[in-house]
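Labels A, B, C and D are assigned to the chains in the order they are written; within every chain, residues are numbered from 1.
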Amino acid sequence: MIKGKGIPLAISFLTGTIIIIAFFIPHAPFGSFEEISLRWYSIIAGFTMLLGVDSLLRLHTNKIKRKENHWAYSIVLLFGFLLIVIVGIISTIRYGNAFLTGSGFMYMYDNMIIPLQSTMFSLLAFFIASAAYRAFRARNFDATLLLITAIIVMFGRVPISEMISPKIPIFTEWIMSVPQMAAKRGIIIGIALGAIGVSLRIILGIERSYLS
Amino acid sequence: MAISTSIWIWIAALLTLSIYSFLYKDNPFYKFSEKILVGISIGYTVSIYFHNTIIAKVWNPLVHDHNFLVIVPLILGLLMFSRLFKGKAYLSRIPIAFVVGTGCGMSIPSSFENLFKQVQGTMPQVFTIGNIIILIGVLSTLIYFFFSVEHKGIIGKVTRVGITFIMIGFGAAFGATIMARISLFIGRIQFLLGDWLGIIS
Amino acid sequence: MNIIKKLANIDRRIIFIVIAIVVIIPLIFKPKFPIVVSEPVQKAYDAVNNLPEGANVMISIDYDAASMPELQPYLEALLSHCFMKDFHPILIVQWQLGAPLGTQALEKIAAEYNKEYGIDYINLGYRPGYVAQMVGIGREIRTYFNSDYKGDLIEKYPVMNNIHNYDDIDLLIGLEAGATGQVWVQYAGARFDQRIVLALTAVSAPDAYFFFQSGQIEGLVGGMKGAAEYEILVDKPDMAVAGMAAQSFAHMLIILFIVFGNIAYFVDKRKKNKAKGGIK
Amino acid sequence: MKRHLLLFLCMISISVFSQELIDSTNVALIDTAITEMQHSGIVLNVCDTPNDDGTSITIKWDINDSLKGYLMDIHRIHGECDTAIALDMNPEKGIHTDNMVHGGTNYMYYALFKKDDIVKKTDNSLPVKAIGQWFNKERFDSFIVLLLIAGAFAWFIYLAKKGKSFYIRKIAGLDAVEEAVGRSTEMGKPIMYLLGIGYVTDIPTIAGLTILGRVAKKAAEYDTRIMVPSYDPVVMTTAQEVVKEAFTEAGRPDAYRKEDTMYITQDQFGYAAGVDGMMMREKPGAIFLQGLFFAESLILAETGYSIGAIQIAGTTETAQLPFFVAACDYTLIGEEMMAASVYLEREPLMLGSIVAEDLIKIIIVFVLIIGFILGLLGHGFKIGFFTDMFEWLVRII
């Protein structure tokens, strides 16, 4: 019994239903149920984090042990991980809180994580161009529409268009606020219904693959 | 301005360049900075979790406020570790069930709010061509998402209109995002040419 | 025909390198680029330009490094404008991570115009809790900012002598990457009748357009485009104008790529059709 | 009884010695020299905040023109305790909520209006208690809709149980799953399944996990490796469970490799960098991107394209859908992704729930059309009756 899916399914059902009911009942103790569940979730996630780190470290230590392909880079990863944890501990001891500006920990954050993150992010400038080049081919009616609206909006956003005719930026705004908005609304309504569907299927135990 | 003498700027600049080298192809420089980013960011998130969760949400309530309700999620969290023991892994389904149940429960009310907002937004107060087009667009897009009818006949024609709207919407959204993405690259170039090399002020 | 085939399947890397060149070159050479000034930016400029002699302008840094390409150029153009007209900029910071950005720009532009710290301008730095602060400044700025960003007491600095609350600040200019600007309008604007100009990232600008139309803010500078217009107005074309040039070239280039790709695609298709036995 | 007596005394003392009381309690006004105390002519209306858990009181007032430009303080009196709950407010708001009260206790409020040296005071309000409610009336409409939806679900699931079969239309992206897995197998390459950067509490992630179950089963049948690099550790553990069970169901529990479902990092672009690197090195033949994606969507999809993998994407983030449409072979748009697990499994009960969703869609379509007609007649042709009907409809929604 305990090994089966019975208990987990019952737990999903109970937590799901209580949270839905609590939405309509402000009175204590229901009123704060959603907030409490979220806090509990973050605590569970905090512990699971250790499992994640364990998974990753094990993967890389194994790579190093077995001298698999690119094993040297796994050392780099472990080094980076240990380095920031050690710096974090030292900063905590020295400043009382590692998250204060000026601590070594934040220095590493500012000068290593931030540039790396923003450079990864900026790769999009290139990828968006190559995706546009490749995908925007007038293969059929739909693709042609996609292509034409994209070009109009792209053109309407830069100053050159305003010099040709001030109406181009206005038309661009119209595309964004009318047809674009309509499609987005339709999709969002569908998503809301779909989300309700997924949730009900799981709460009612019809969909159980996540537990499988 | 001249080339930077700060070691930190040099580190940041070299890391930036090695990420860009990925655009040519995968190479040792990219591999190095990828692993650095992954390693450091895990360390960073672990520290944040320790600080914001273990200390603030478990240790403090338990030790200082004597809030023993915290023991429940504590046990749920510890049950996750049952995965590390062969034959006891099924216990980890309990916290997973709790978390998924919570997510599903919360999504229903918030989906309602979304639904009401979108439906209300589509009801026009003033009659312009734009509002009529929005209505047609919303209806036809919605009908495109009908799953239990075959898209033939009238329904087929309406869904064609729906797809048309979706495509226009996607094209517009794509075109509108390019500027923001180019800005990101401009930001990095300003760092490389300005802060690092000192070519531009 | 071979060229067309190649055009249809350009290596991604060629696109990458051309995009990079097209963006980098205008940033280095900063070409003069024709830019039409829009009404909200013109109003923002006028609001500063028509201030009385020796006016105090409070500038709030409410963004961080992620929005730097969009907002930093405006900050520099604005500071130049203030120093040109001998106004006194008072810098405060509501987003902690933005503090170095504000300091950097202030020191750079002040040096350009030979202005002296504490006499012509001051940098008060970051304080947590922005709502309380915005209300607090309505009574006495010293409740929150009794020292500058280095921790020196502001009594040392003559520029702060006559500044106590919003009555002594002729214009408030917020540089916004999030929703902090709306709070400025709500508190400093609605409650203390402070004149406000906002500069926002392109993403958050549409939300603030309403405030401009209703007159709650006197001017609005939106994204890099707005900054470029401002640079033109103060006649100091710099990073934003260069950035806009880069943006325009990049957009045009992408459009060109798409057009060439399509031509190549059609020629290729026709050829295939011919091979199959003519066009139907 | 004692408390009431105290309250009574308190009220008398306030009315008799109001001048002194104000002077001595207004510690907040140290720097304002009070030279004149006037009566404001304003009445504070206090009531229990409706639809809450009984820890707040709402204070309302109507401002008159003589108080323009004043700032307002509100004070709460409880027994002998006088607390300022709001300082220097703009009185034009007309409403303030006191969230710092205990349920079931009597409180009174008064306000001070200040401008330069002038201070005007209101009378004390009537005593008021905060009470928790058992039903949130504002959410009555949601409640009705919930009953409606739950009813529709129950009905169609009941029909399905009785043996009625339902139709589901073709979803191109999902028919391609088989092809993608097959081709990967032929090429001897692994499959990569990305769940995005959502948490298990996000519905798109849950939907992605349900699809993962089906895809992993196919992979097990074809005897192909499936890699799931994850962003969130809880998602990772759940994904491990899902994959393991899928392999067991397919009769290949031996082929399951726990380390193929691994954690990368909980950093958006760190995750993107790690996954990109993994794609370059492992060269998967098929890539599934199903879940919650943000700006990293195109970084992943373009890298996937560059290694020549078949890509099937799906997300509910409308802002990322255009990029998936441009860079991937197939894209499941919004609700298609939510319905995907049903489509792949075709279990009667699940199909019933999809039909129920469609029924709600039909109702929404009708509501929109009726709303449009009412709006046209009411606002377009200014027919009063229809205007009212329209307003009513908008209000209940």
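Following the convention adopted for this analysis, a contact is a pair of C-beta atoms (placed from the backbone, for glycine too) under 8 Å apart; a residue touches a chain by one contact, two chains touch by 3 or more.
This one's a predicted model, so the numbers in the text were calculated from it and none came from an experiment.
Asker: Strictly by the touch rule at the top, which chains does chain C share as contacts with chain D?
Answerer: Common contact partners of chain C and chain D, which must touch each of the two, are A, B.
Asker: Based only on mean CA positions, could you tell me how far chain B sits from chain C in angstrom?
Answerer: Using C-alpha averages as centres, the distance is 26 Å.
Asker: Just the number, please: Cα centre separation of chain A and chain C in whole Å.
Answerer: 28
Asker: Return the distance between the CA-based centres of chain B and chain D, expressed in whole Å.
Answerer: One centre to the other, that is 15 Å.
Asker: Just how far, in Å, is the C-alpha centre of chain B from the one of chain A?
Answerer: Inter-chain centre distance comes to 2 Å.
Asker: Can you list every residue of chain C that touches 2 or more other chains, as numbers and ranges?
Answerer: Only 12, 16, 19-20, 23, 65, 247, 250-251, 254 qualify.
Asker: For chain B, give me the residues that contact two or more of the other chains.
Answerer: Touching at least two other chains: 19, 22-23, 31, 33-35, 37-38, 41-42, 44-45, 80, 83, 93, 96, 99-100, 102-104, 106-109, 112, 115, 119, 122, 135, 138-139, 142, 145, 166, 169-171, 173-174, 177-179, 182, 184-185, 187.
Asker: Two or more other chains touching the same residue: where does that happen in chain D?
Answerer: 142, 146, 199, 201, 203, 206, 234, 237-238, 241, 264-267, 269-270, 273, 281, 318, 321, 323, 325-326, 333-335, 339, 354, 357, 361, 364
Asker: Take each protein chain as a node, join two nodes whenever their chains touch, and name the resulting shape: line, ring, star, complete or other.
Answerer: Here the contact pattern is complete, since every chain touches every other one.
Asker: Of all residues in chain C, which touch chain D in the complex?
Answerer: 12, 135, 138-139, 190-191
Asker: Report the residues of chain C in contact with chain B in the complex, numbered from low to high.
Answerer: 13, 16, 19-20, 23-24, 27-28, 30, 65, 68-70, 202-203, 223-224, 239, 243, 246-247, 250-251, 254
Asker: Touching chain A in the complex: which residues of chain D?
Answerer: That would be residues 51-54, 132-136, 139, 142-143, 146, 149-150, 153, 157, 199, 201, 203, 206-207, 209-210, 213-214, 230, 232-234, 236-238, 241-242, 245-246, 249, 259, 262-270, 272-273, 281, 295, 298-299, 301-302, 305, 316, 318, 321, 323, 325-327, 333-335, 337-339, 341-342, 347, 349-350, 353-354, 356-357, 360-361, 364 of chain D.
Asker: Would you pull the chain A residues touching chain C in the complex into a rising list?
Answerer: 101, 114, 118, 125-126, 129-130, 132-134, 136-139, 147, 150-151, 154-155, 157-160, 162-163, 166
Asker: So in the complex, which bits of chain B are touching chain D?
Answerer: 19, 22, 26, 30-31, 33-35, 37-38, 41-42, 44-45, 80, 83, 92-93, 96, 99-100, 102-104, 106-109, 112-113, 115-116, 119-120, 122-127, 135, 138-139, 142-143, 145-151, 166, 169-171, 173-174, 177
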